[in-house]
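In the two assemblies presented below, chain A is common to both, partnered first by chain B and then by chain C.
The block that comes next holds the complex of A and B.
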């Protein structure tokens, strides 16, 4: 219900820069996720928004009003903490009522609001229970109800689902989104769980080393990452080193073979780049009737099969002939339907096609100005079933 | 026809019995200790308190002190001394523990904890001597203050009195309070304060509605421990006053070892009275701790 602006916010702890020149506008009713690895500054940014940390420079603006110097209890924000932070001496009812009670809201109004929220979160039956008598999921729902009870302009969620098990997490994230849409609350969700961020956010802010790496819709972040960091951090991504032959024509070269890739447009001729393609977009040759149509193909030997459920991930060691490297050390991740995975047991040869339409090429900043042999790709072995 | 032999498989009755046997064996030393130093003395005290120490006949006479105001003086003194030293130790101990937690300096916390551990166990004759040498009539501090125009003793203070004993008891009650209150204070989550704050609560509202109610249970529980600790103390009081201040433990000692007042039956009855107070304190503490553990568990 509020528009939030963070303008050039910076925070240092001693010599360590926790957040650097962070600027972002979050529109009224929007749910934005801060996503990044541990220590990237997402929680610090959230805490500065809440008022628990003072920025060294920059401003926090809510509905056009500068709240940078206001204490947390004057900002009209709600927050859900990582470990719920429910008051252990109060029942669920009392926890939800707390914010209204300290505001001296009339008792009848408080009771009605508590009943309404407990109903909304399916908690009516635990109203008289203490936190230690509730499950993790119930505690988290109470924490959410408590945070929204005061009708905050901005709702801050600090890794709210990190302490609950996988099944409850999935239920709760849907519930958070439902509640957020229903109540139309401007919301920031801090998480290191990409599936959580991608599944419920309007926009995702990928953070790295205290700065914004990329901002975009979940689809943009997943399908069209603008940086190698985002590509590597979000889901599994094959990064295949290429050299741009013609940026104007979108022509790149890999292993001595040239291929037209639309995503290469705009890069300088001769520049090193990374061809990015998801494991599910790599297609074993012969598994369908699709013609190669000049698409790039790679060959290699299957080293490991990892069962992921509907799909199986094959880790394929690219052959020297295919990569142009000697010795070949590059691993490719290829997702195939589990029903047909038996065709490519460990040790078998596999040729995969890279559809030109699915791949994109970005500048390889790690090799700019230097010739560096990229010996491996950013492919997590451990599957992420959530994406 | 012989049945086939069956190995000792986990979960089978034989294995369960074996595990139960090992558990019982491990419990044995503790059981012996409890029996020898708690159960047998308690039963002996209880039996002795209802029997005439000379004739061995059953009697209620040993409890006659309950109806004689003069005989209740040791109880009154012990109750007052314990209450005063508990309040003193509790208040200062809590403040010091909070200061230690607030310092957020691990070195300070380590040093304070170590010192408190030592000080809380420094009692008996050495402590009595230390106080005599410091705050006795000719003690170092007393003399130094006297030289600077402050005469403690002319102001009514006496080390060898209930007031003096209160100061001496506070010497170990304060660090004991620090030791027992540090864990609950450290277990208070910063996120509780922040949650209250962002919900609109002032600092006082947070203290009144969240922090104080949560800490009240461990605080009362700690006070009960301090009270029981002071009530049962003997060596320090005896070392300092050589038995001139009438306290329950000293009175029991006099009745057991005294030549003139030798009366083991009454000593047993007094000890039962002391035990009842200790059981109330320690039992109350145990009950409160169950609640406190639920609230403050990480």
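The block that comes next holds the complex of A and C.
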């Protein structure tokens, strides 16, 4: 219901920069997730939006009006907290009614609104229960109902699902999205859970070290990450070091072999880059498809198989011949359908091809001295299952 | 030899019997005591009970007699004594005012310390402990110097004088009231609850009265109880500042009419206990306290 702008917002705690120069516009009725590891500044940004922290510099603007210096109770933003923060001395009804009572709404109107919201969240039967008599999922629904009861211009959700168990979490996130679309509320969702962010957001803001790493739709963030950080943080990603042969022609080389990738790279010739490819996009050669001319293939030995349900992930140690390194230390994650995983037991040799269409090359910023936490961007290591 | 064999026989026969007997004794003891209550606890309880109840018993025996015979006459004399009524009224009034003042000042202070001024916590804690370090007698001397007849702010001779006594009572209750309220505040997530309330549009005062106060009601009840009983039983300040409160009256009566005095001591004891039980019942009925009880169970 409101358009929210954050302009060059910065916050320091002592010497530590928590949020640096954060700028973002969130359109009316949009759901935007702030996604990042703990300590990346996402919650601080949310708290500055709500008014619980004052930015050192920058502005928070709602519908063109500067609210930077307004106290939280004058901002008209609804907030849902990580630990629910329901008032323990009030029933579900009274919790939801609280904000309306503060606004001196007529009693009849309040009651009607409370009943309507409890209905919307499937809570009608717990209206007279106190928080300690409700389950975690019910408490969080009451917290949501309470936050939207005041018809906030902006709804702020601070890790709202982290305290509920996995099954309820999935139900609730669908419910949050349904409610958000139905009520058309401009919403910020802070989360460290990528599946949560990808599944219900219009846009995802990936944050790292107090700054925006990347902003995009869930599809863009997943399929076309612009940075190694995003690539590593969202899902599993293989990073294969390459050297650019021709940036204009989209030609790179790995292990002495050249490969064409789709489109121009925007990288200088001779520059180091990282070829990014998801485990499910690496195709084992020799199954049904032969290696096509121009495709890069990698070979290695399967070290571990991990069953993931429909697919099985193979961790493959790339051979020295394939990588051009000696000794080769790179592990590749390759997802294959579980039905055919038996063909590649641990210890067997595997050749995979990288389809030119699905691979992307980005600059390898570590070699340029850029600040990227390598430990955070490595392919997630699957635990040793003792296979 | 035969003696030995007899002894041997006896041992053979008696040992199992003794053991069986011991086992029976053991089981009996267990069933008598109920499960899980160890002997030492019963001993400690018994000794404490005697320690606390014996003086009460002695007071009752002395209070309800004229020296030789049991009679309730001293009690009736005491209850109908005008001094008893006026002094009790005075004490009740001052204690209620002190209790209200203590809650009204300490609760918001402790809330602000917890919410915003954490770095002042140690200072505030130290200040509230001062009454333990500075005895009431010193406080009286100080009050008389600052507000006495020689002072430009001569309260002692004015109609404002009760302010000094209530102020003194308030200071004496600080160690108890602050701790009781502070513990209750620490048990709830004051910051998040306050933020939740603010996000719903409530200002600080409404947040405190509607959200925080009900959440810490148990702490407030114990603080009230401690403040009330401290003020009711206070002697030094009242006696030295010249107020005939109930404890002062009791001491006077005890000197001249000891039987009546002791009978009234029992009355004051019952009044205090009635107050304690009433407050405990109130605390039980407050919805927010169910959380605390749930957590304990």
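Details
We take it that the second predicted complex is superposed on the first by the 367 of 387 C-alpha atoms of A that agree within 3 Å, B and C clash if a C-alpha of one lies under 4 Å from a C-alpha of the other, contacts with A are read in each partner's own complex, and residues count from 1 in each chain.
Methods note: contacts are C-beta pairs under 8 Å (C-beta built on N, C-alpha and C of every residue); 3 or more make two chains touch, one makes a residue touch a chain.
Just so you know, these numbers come straight off a predicted model, no measurement behind them.
When both complexes are superposed on chain A, chain B and chain C end up clashing with one another. Of the two partner chains placed around the shared chain by superposition, chain B and chain C are both touched by A:72. Once the two complexes are laid over each other on the shared chain, residue contacts for A:16 go to neither chain B nor chain C. In the superposition on chain A, A:132 contacts both chain B and chain C. In the superposed pair of complexes, A:146 makes contact with chain B and with chain C alike. Look at A:87: by the touch rule set out above, it reaches both chain B and chain C. Remark: of the candidate stretches 6-14, 24-32, 42-50 or 150-158 in chain C, the one overlapping chain B after superposition on chain A is 42-50.
Overlap of the chain B and chain C interfaces on chain A comprises residues 50-52, 71-73, 77-79, 81, 83, 85-90, 98-99, 102-103, 132, 146-147, 150. If you check the complex, the residues on chain A that touch chain B are 50-52, 71-73, 75, 77-79, 81-83, 85-90, 98-99, 101-103, 132, 146-147, 150. Those residues of chain A lying in contact with chain C across their complex are 50-52, 71-74, 76-79, 81, 83, 85-90, 98-99, 102-103, 130-132, 146-147, 150, 156.
Remark: chain C residues 188-189, 192-193, 195-203, 206, 210-211, 214-215, 217, 286-288, 290-291, 294 touch chain A in the complex.
The residues of chain B lying in touch with chain A in their complex are 189, 191-192, 194-202, 205, 209-210, 213-214, 294-297.
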